[in-house]
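Below, subunit A partners subunit B and then partners subunit C, in two separate complexes.
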Partner chain A sequence: MSIIKKVVLAPMDPVHDIGLKMIRRGLEEAGHITWLYPPDYSPQEIIRGIMEHQADTVLISRTLGYGVEEVLARFVDLLDAAGLRERVKIAVGGMAIRPELAAELGFDGGFGPGTTVEETVAFVEGREYIPARCMNKHNRYNLIGDYRYEFKNRPIKGLLDQITAQILDWSKERTSPGVQRALLRRQILTDESQGESTACHKKEYASLCDDIVSKYYTSGCLHPQTRKLGIEELAAISRYVEQTRSRMNPENIRHTRQKPGVFVQYGTGCPSMDIAHIKASEAWGADGVVHFDPSWGARSEGFLEGYLTHHEDGSVITPENLKCIKESLQESTLWQVRAHRGVNTAETVLLAGNAGADLTKINIAYGCLGAGTDPERMIVDGVQAIKFAAQYGMPFDVVTNEELSGVPAYKAFAGMLIVSNLSLALGAMPILQPLFCYSPEVMINGNMSDNYIDFNVAKILALRNIINAPIWAGAPIGFLTQTEERVQSSVSTGLHAALAASLGVEAISIASSDEAYSGGPIAAASRIDTLKAVKEAFRFLGTATIEPTASARQWAEHLEAGIEQVLRQVLEVGDFAQALQQGVLGSREEGAYPGRAGAGTVYRV
Partner chain B sequence: MANGLDKVMDALDIETFIVAKDEDEAIRTIRQIMTDMGLRDIDVVYCKHLGPGARVRARGYVFRAGDMYGWLKEAQQ
Partner chain C sequence: MMRILGVAGTAKNTGKTTTTISLINSIPDPAMLGITSIGYDGEAIDNVTGLPKPRLHIPEGALVVTAENCLPAGSASLQKLEMTDISTPLGRLVIGRVLRGGLVVLAGPNSENALRDIISRLKKYNLKLLLVDGALGRLAPMSAADGLIIATGASRNTCPTQLLQEALAIEYLLSLPVLPAVEPVFSLPSLLVESDTGLWPGAGGFIYKTVEFSGVVDIKPFLPIAESLELFSPLPGLVFHDPVKLLLCGDLEKMAAKLLHYNKKGGRVGVHSPLPLLAVTVNPFYPHYNKVNGHYGSAMLHADNLWQAFNSGLTVPVVDIVRQGGEKLAGIINSLINCSG
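What follows is the complex of A and B.
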């Protein structure tokens, strides 16, 4: 405890004294003696008070800018004339005040907008102010928590177990080029770590790739949309990370709640630009980042190698690219590499796990119905991917992106629950990822004609009625509600974040304010827009909750019943791949088209 | 500072209100402003005209993914 100070606080202003009241509380908590005067005392009255109380510090506040210099200069002159200036420390603060102005007028301190109570207390106590933000600790967010995956809806659990048994039985004697490549990659990584030759396995790997990828291994030709990053570029980004890291002091995006964790997506095409965007997002409070790869990466058999930049959206997955992104991350940042949709799903999970990713993304149903992969192939590769995820102890979300194609939520959720239950059977940790979006289904049915709350709440209620599992609202929240106008886009993201927080979900993925802009790449500044909006939304909500209308509960019941009905139909078909083909989990009329990538490549072991 | 634009991570956005009779005029005007500022890779991210003019957000990409970024030069030295 420092020496007790006697402090006069005087709002030299007609009405505003809120700032001084906050400072008085801080000073009294620190043990100092204070006198807070009413607004609009004259300089003479304040000086009389200083003499009467034998105060050693005076804090003046002045909010209004008009005539501020004359009023303050007169106060200092009168203080001087009263013989108090030498022994009394004086400071002035308020919206119109800048430190330079205060010094010019003869004050010892000047506090402008944004000054903290702690800073003022430090001034009174005559010690150096160490900003609290320097002591920020951005803790690593725990996504899985204590969830035990207990099913509350027993009939649904019974159906899921039977479907899981069918899938495991069907897939146990089947494999694919994707699975074989993943197993070879694992061997290659092992060989490399032991300093052994990889040539033989790489030759075999190349034989299982599409021509465009195979050429890299046989003749060094790169994919036409990629180029290798030079040594100098790599050294520069490494130094950039080092320099940035020394200045990093990430904001805490949450307010009084512990949830949700906030994820942002990256995938500019270039690992260096990705890293730059990641560092900016981390600084503004992102808990995690999600790697987006190019769409062709899901449809071309095989992965390239090396540090590669891509000329269009989506950053190429290679062991080296993943490594350099991982090395750039703050220790507290969670890292997700998506693997959910294509013919490289198994190898993606393997590479992600090997590179130290915290999370991945797998959904067999979406991979088939919304992302163009053949159902049989997606099942075989998906099962292997889930096994890898389990081996690496890497949780993954099961996202229902097929909702964006027009698949009703209850069908998409049935697919999500099938994959989740399958994952639990394989020892993995799935995270349910329903979309918080303005999907075609709700556009057509009018479920969001009044508000964006009820149907999103219904989804969460329905899932929670079925299973006790972590929920990560995706992806990104508010999808299709955002426009190209950045304020609207940011506000919409912020409001959906508040809803997600109110529901207590574990995590959210947010877009940038460029979400609806398709004319060019996402700009770093647009990522900051929505992180700021989310932070403000969390501040606004605190621990309060958002109350939906009665529709939410009714729709939740419909969703739950619909899910059960779909699961019965899947079971009746008796073959998950056939169920996907036949539209049980989303039909062509609804907008789901079973994919053809990898068709005919599954074979019996 | 040799070139301030080298410090822009990727894009420079200009937001303002253009006095214009319609959206086309506002877009032409903001594009002209961006060009006059020396920006080349230009797009109008948002433009909405109501009454006296248009709220606009225009963007000039300084660096796109895969370019040699100016802000990496310092780190390189």
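What follows is the complex of A and C.
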């Protein structure tokens, strides 16, 4: 116990003295003597009281407004002129109070919103307060938990096993330039780590790339939308990371629940901007970050090398760029590199695993139907990607973004389950990622005409009725419910986060409040908007739950039945690639168009 | 010998920082100059109104005293000369030399004793002048200065007549002479609240030739005491510790009027430690709150009329820095530096 302090608490504010009452309780519990004044005391009366009580500390609370600062400054002046300033420690607290303002007003301390009672007790006792860093230690989020991937719906499991066997049989003697490049890249990385020449393998690698990428390896010519980062820029990134890390004090975004983990997406095109977004996200409590690459990165055969910045959105995947991002991350931050949709899927997973990524993203069905890749090519590259993910022990989500094109959830879920079961057969750890948003299907069918709850709940219930697997609601949650208005977007994100928490899913991906409609770069402030909204939603919900209407259960049953029906149809076609082409997992009328990127490139080994 | 020049404002946005900038620019050799603030200066945007603020560009060679957490906020390159043990909400105070001129955010000593401590530490650096920028309407630390420039203007009061009346009262209180306390002396502590009138024993059997006020003198307890004193003949002298204690009285015009009245009746009025008013800068700008959009905007009184009224009424130099420049202030600085003190 430190020396007993005599503390005057004065709310120079007509209404706001709750904070001081809480502090008073903390001080008295710590053994100090306190006097809490009424809210209408003048500065002179407070000073007279300080003299009478021989107080050694004064805590003032006051909400700021124009002219209020002068009142506070006058209080400090009077205290000083009365000869008390040297023996009385003074602090001011309230909304909009910051250390700069406290300094300007002449106080010894300034406490703004979020100040803890313990912090003010430490101030009174004259000891250093270091709690935030200890209390806010951000633990690494465990996404997989102890899921055992047991199928509850046995008929569906039976169908999936047959389809998996077909896919494995079909793909075992097939390969592609994407798979071959990935294997070469693995060799190049091994050569580099052993200090051996990579020239021969790089030449071979270049021969498997599109011209625009090949030129980099043959003549050093970069993709026209990229440029190399200079030495000074890289040094500036290192300095920024070092400085930011030294003052990093991440918030805890969750309240009393352990789930869900919160992921944000980055991909400004520029690694330094990405890192700034990552650091802001980490500070405001994000558990993980998701790397977005340029759309052309999915369609151009081959990857560039070097520290590259991109003129448009999407950050280029190169071994060096990934290394740069990885080095910037807090130890607790989970890092996902997306690989799900194109002709570089296998190599992306390899590079992600090699760079130390925690997660990746693979979905053959979405890659074909929503992202423009030829089904045969996507299957061959996808199978290899899943094998790499298994080798690196890197879980991945199986996203169903083809729903955003208009594909009904039951069809998208059938594709997701096919890829998930295939992944389990290959020893990998898939995470189910249903869309948790206002998708075109529900717009057309009116499933969300009353509320945004029931259909999202139905999706989770349906999946849980089928398999015991981790679920990551995505991506981003609340998509298409958000508008150009930041408050509305943040509220909508927060509410969807609360629903996801209520359902106990493992993770959510959230957008910034300007992401869906930004039409340009995403602002860090907008990113913080939604992180704070989610935190507030978690605080609001606690361990309470949200009760859906009876529709949720009915729709869940329909979804489950629909999934089974689609799987039967895939099996009837007898070939997964053909099933994708024929629209079994999403037809052209529904908005799914089997892609052409990489068409005709698959060949037998 | 280092002289201390304080720049105090009657309110926020009255032009303290503009005056300080003008003073800095008037110094021929920055190496003879030290600069600090009793508040927080140099921020780009006002803490309350959100309006842009003038920023402090400190020239190469000058010394600055600011809090350690403010150092990264500026663009000037600083050499740390001394880390003090004086703490502020923004860290401990640092004395530094400007190696490359640039913007500096200043948050210096915020009490009279802390300022005196800094003044003492700066003596070894052979400065000629220490500029002390004020904070809001704060005055108490300025008791440690050798002279004061007051910045006032429409931000304090948009009525030019009332503004001038207040300035006249300030000028009067800052011009009170040094008065020796003739024995026997009755000493009063700080007078803060009305009930402090009770600290005065009353007129009966009063034998003292001087009444000394050692602390703050609030107008409410002071007036009844002064009226009681007026019953004596001869009137005892009134000696206040320093003018700043009077400037914090709560009603400058009433205080000045009462002391003037007392003086006219034959009572001597003075201070123990003087703080001469060297100039008044007058600023026609004020932030205007727009109730419709909830934002502050810029507004102005008639600049020429305001200056004319002040210049005619006050005896000290009056400057509208933005319109007239800082030449008059340069002369004031030279006089202060060359004065042996």
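In this section, the second predicted complex is superposed on the first by the 472 of 605 C-alpha atoms of A that agree within 3 Å, B and C clash if a C-alpha of one lies under 4 Å from a C-alpha of the other, contacts with A are read in each partner's own complex, and residues count from 1 in each chain.
Here, contacts are C-beta pairs under 8 Å (C-beta built on N, C-alpha and C of every residue); 3 or more make two chains touch, one makes a residue touch a chain.
The structure displayed is predicted, hence computed values, not measured ones.
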Looking at the overlay, what does A:A544 touch: subunit B (first), subunit C (second), both, or neither? neither
Quick one: is A:E86 in contact with subunit B, with subunit C, with both, or with neither? Answer first, second, both or neither. second
Between subunit B and subunit C, whom does A:A561 touch in the aligned arrangement: first, second, both, or neither? neither
Figure out whether A:A523 sits in contact with subunit B (first) or subunit C (second), or with both, or with neither. first
In the overlay, answer first, second, both or neither for which of subunit B and subunit C A:F107 touches. second
Tell me the contact category for A:M443 with respect to subunit B and subunit C: first, second, both or neither. neither
Quick check for you: in the superposed arrangement, does A:G269 touch first (subunit B), second (subunit C), both or neither? first
Looking at the overlay, does A:R239 come into contact with subunit B only (first), subunit C only (second), both, or neither? first
Based on the A-chain superposition described above, do subunit B and subunit C contact any of the same residues on subunit A, and if so which? none
Inside the complex, what are the residues of subunit C that reach subunit A? 11-12, 38-40, 43, 47-49, 67, 69, 87-90, 107, 110-113, 135-141, 143, 190, 192-193, 196, 214-216, 218, 244-245, 248, 250, 287, 289, 296
Which positions of subunit A touch subunit C when the two form their complex? 42, 44-45, 47-48, 51, 64-66, 69-70, 73-74, 76-78, 80-83, 85-86, 96, 98-110
Which of the residues in subunit A end up touching subunit B in this complex? 227, 232-233, 235-237, 239-240, 243, 268-270, 272-273, 276-277, 280, 309-311, 483-486, 514, 517, 519-521, 523-525
Show which residues of subunit B lie in contact with subunit A when the two form their complex. 9-11, 13, 15, 41, 43-46, 48, 55, 57, 59, 61, 63-66, 68-69, 71-73, 75-76
